[in-house]
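Structure record follows, encoded as structure tokens.
To keep things simple, chains are lettered A, B and C as they appear, and every chain counts its residues starting from 1.
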Amino acid sequence: MRANILTIYVIGVLLFLAAPVLIVIPSAFGQEATLAFPPIGFTLKWFSNILAHPELISAFGNSVAIALMATAVSLVVGTMTVLALRRYEFPGREALRMLFLAPLVCPAIVLATAVAMVLSPLGLIRTFTGLVVAHTLVTLPYIVRTVGASLAGLDVALEEAALTLGANPWQRFRTITLPLLGSGLLVGATFSLIISFDEFTLSLFIVGNGMMTLPLEMFNYVEFSIDPTIAAVSTILVLITTAAILLIEKLGGLGRQFGQSASGGAR
Amino acid sequence: MLLLLTPGLVFIGAALIWPLLIMLRVSFLQRFPGPVVYTIAKYAALLDDNYFIDITLRTFGLGLVVTVATAVIGYPVAWYLARSPSRWRHLVFLGVVYPLLVSVVVRTVGWTILLGTQGVINKLLISLGIIHDPLVLMESFWSVAVGLVHVLLPFMILSIAAVLGRIDKSYSEAAYTLGATPMRNFVTVTLPLSIEGLAAGSVIVFCLTIGTYITPVWLGRGHVTVLAISIFDEMVTLVDWPTGAALGMLLTVATLLLLAAYGVFLSRYTKR
Amino acid sequence: MNADMVRAEEPVFSMNARAAERAVAVSLRAVSKSYGAFPAVAGVDLDIAPGEMVSLLGPSGCGKTTTLRMIAGLEEADAGEITIAGRRINETPPWRRNIGMVFQNYALFPHKTVAENIAYGLVMRKVKREEIARRVAAVMAQVHLSGLEHRRPAQLSGGQSQRVAIARAIITRPDVLLFDEPLAALDRKLREHMQVEIRQLQREVGITTIFVTHDQEEALTLSDRVVVMEAGRIVQVGRPAEVYERPVNRFVSDFIGVTNAVRGVVTTGPDGCKSLRIGAGAIVPLPLHADPPAGQKLEMVLRPEKIVVNGATPEGWVSIEGSVAHVVYMGAVTYYHVDIGADAPLVAMIPNEQTFGASGAIPIGAPIRLGWHRDSAMVFVPPDP
């Protein structure tokens, strides 16, 4: 009996969490020109209307490019950092690890303000580079955390065995560490892509005419006209996110992102 | 070798530490960009002004409300995730994590459709005859609170679930054999053991709430001003960077104090 | 048999020629290592002959694993010199030391097949593909793994996993083969089987082998020589029989095998014979080789299997009366705890030669006569209290 009440409660909370998404998607298909639910009629015209808004398309392209760059930088820098933190013991190692995770706890608005104050004198406001720097700041902690957890689950004996068999550190990394980290890297990268793609607050201070990201362009759009076009864009985004989640699940699950370790050791 | 560590150190130094230091410096300037005149006038103005005190109280009040709400609402879900042997557990886990990955813009559009004057709830209530005129569900502190609870609930649930999952079931089982009823068992055994998870989740939720921008802007429609909105106004609209920086510093200090308190709590608590 | 045929073609594995030239394959001189203030290894000197199988035996924390890892190059020595095949290797990184190591949990690469695991060392040494294939097949035959080339480590049993680990380590013809607790992860039956296999393989291949273990049975079974370690130092080195029968102190006598220990004071009998007066007055003649001064406090150490019960007492044998305090039936043997008026009962291990079972045992409280050869016992000076 108690279990049933709990189950109903949990389902209720899940519905609450899913509500906005569940509402947005059907709204993209309604005939009416106002965002309404339930939608009346069925049409795909709002999806094709997206094409009539070049600013949305260019913002989408920007967001994709920024996400790819930020993720690439985070992967390289993050993996190097995580390897160094694991291999070498030095005083303050834990504090340093915390430092790399700090952007996660820092209020986004503070990060946004501070970064803007540095980018502006450098002339990096409204530039691609400026946005990549800001996004890397936000995605790096996720990579450090995911790849770090993956690396922690990697049996040290495997790497030592490689050394005793004649592999120098670079060969060990290439033939043993990297392949076994593989899925952890992919999960971290996917997560990073999503985080960057959805990033709002830091971008808020950096974007401008000529260099916009999709979330901010959508925000602008809604300020002036609330029509189902925005719901159509949202639907596409939801589809992309869902595909990404399925990919992550296939690669070993979201559990990994939240701290569970990869399995790399022998029995 | 330090060679491996250098890129990371350089980046964090340049993208996090340096900007924060700059922000600290700017908060003590008269104008920025401009001639270098150091002053604490900006801070003084903030601490004196009722407007800003109001905003600060509202922001922290929001933090408190959202934290308590997510803790209360989220705990049972965390329990389900950690303890239930059901085979739907993984789906529930996905259901909790999924909203985190959906763009906040998408979610806010959804909330608008739900809560707007022509939104779902109003339409439903009018069609049921409960009300005649649409309720203004947005534009209020509470709509912002609900929106934030929605955004931050997964963080709280996951924090608690992680700790609950690690608690050895045999503690509860021992309590049962000693005569504890399920309710007393929970209150006296499980709840205290899960405090760590509650604390971690609360810190995350509170920190994220006091720094939030988009949800108050959108759901508040200009009627709910929080610190983040104020910072934006100072930085972009009024172009008074020193004041913006000062507000940012105040927010940072509040966050650091909270983290320090959490750290003290952790070390004292886990030393039992 | 496969292994024989392979050897007829060419010596796929043979004792490393370099090592054969020198009388010592591995040498440690004054090797030490500390972790902060904790001295894990405090000055170790050891010479290991080519082809020898040596065990480092001791309780956890005695430094045996640290010593092994220093030989492997996975830890750096703070002081002292480590030599392999005559070459000082302190500064040489592990991938250039030409060693083979088998880890406690085998450390098989999960993303590679059995064949790829075994070939790994050869790949690192840039051996040509055809030769790799040939040598992998040969060594797999030698460890009885043929047919499992394409399996993954997750699909292997414990015994198979260990054989893959061994094959992987020896295929590169290392100067030294290192084992970290080789049989700890196996269950009893498998362990006994693998003990025999490993010993045979080692003899066949002739690689100098060092293995670390906390299991004294394993050390006695597998080694040519046993190195007993305690608190970072070597306490005794010798053949298994030496270390068992003639331990150099109480630590060794207690760590290896089971033993009795009784305390007493030395007295000189009327015939000049030195004896130990124990507890309530019983006199126990000391071993012939012992000649301590009268009045000295001593501990006499005696292994249970050396004691006979109610038997004949020929020349040179000790005989003592006592009463049975406790009986423990263990199937093949029976243990009698006998009160002889000392500070602790003497435990005698008696094989159950006839099928009396527990019912045929001497009952508790019954009088019993214990006997042992005088030289079976060992004497030590107890530490000051």
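Heads up, the rule we're going with is that a residue touches a chain if its C-beta (ideal position, glycine included) is under 8 Å from a C-beta of that chain, and two chains touch if they have at least 3 such contacts.
In this text, all values refer to a predicted model and were calculated from it rather than measured experimentally.
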Smallest number of contact steps required from chain B to reach chain C: 2
Relative to the centroid of every protein C-alpha atom displayed, which chain's own C-alpha centroid is closest? A
If you count the contact pairs for each chain pair, which pair has the most? A-B
In whole angstrom, how far does the Cα centroid of chain B sit from the Cα centroid of chain C? 60
Intercentroid distance (Cα basis), chain B paired with chain A, Å: 18
Rounded to a whole Å, what is the gap between the Cα centroids of chain A and chain C? 55
Touching two or more other chains, which residues of chain A qualify? none
Complex interface listing, chain A residues touching chain C: 155, 157-158, 160-168, 171, 175-176, 179-180, 263-267
Once bound in the complex, which stretches of chain B touch chain A? 1-2, 4-5, 7-8, 11-12, 15-16, 18-20, 22-23, 26, 32-33, 73-74, 76-77, 79-80, 84, 86, 92-99, 101-114, 116, 118-120, 123, 150, 153-154, 158, 162, 182, 203-204, 207-208, 210-214, 227-228, 231-232, 235-236, 241, 244-245, 248, 251-252, 255, 259
In the complex, chain A touches chain B at residues 2-3, 6-7, 9-10, 13-14, 16-24, 27, 34-38, 76-78, 80-81, 83-85, 87-88, 99-100, 102-103, 105-111, 113-118, 120-121, 133-134, 136-137, 140, 191, 194, 197-198, 200-201, 204-205, 215, 218-219, 222, 226, 230-231, 234, 237-238, 241, 244-245, 249, 254-255, 258-259
Residues of chain C that touch chain A when the two form their complex: 72-74, 93-101, 103-111, 120-121, 124-125, 153-154, 156, 158, 161, 168-169, 172, 178, 185
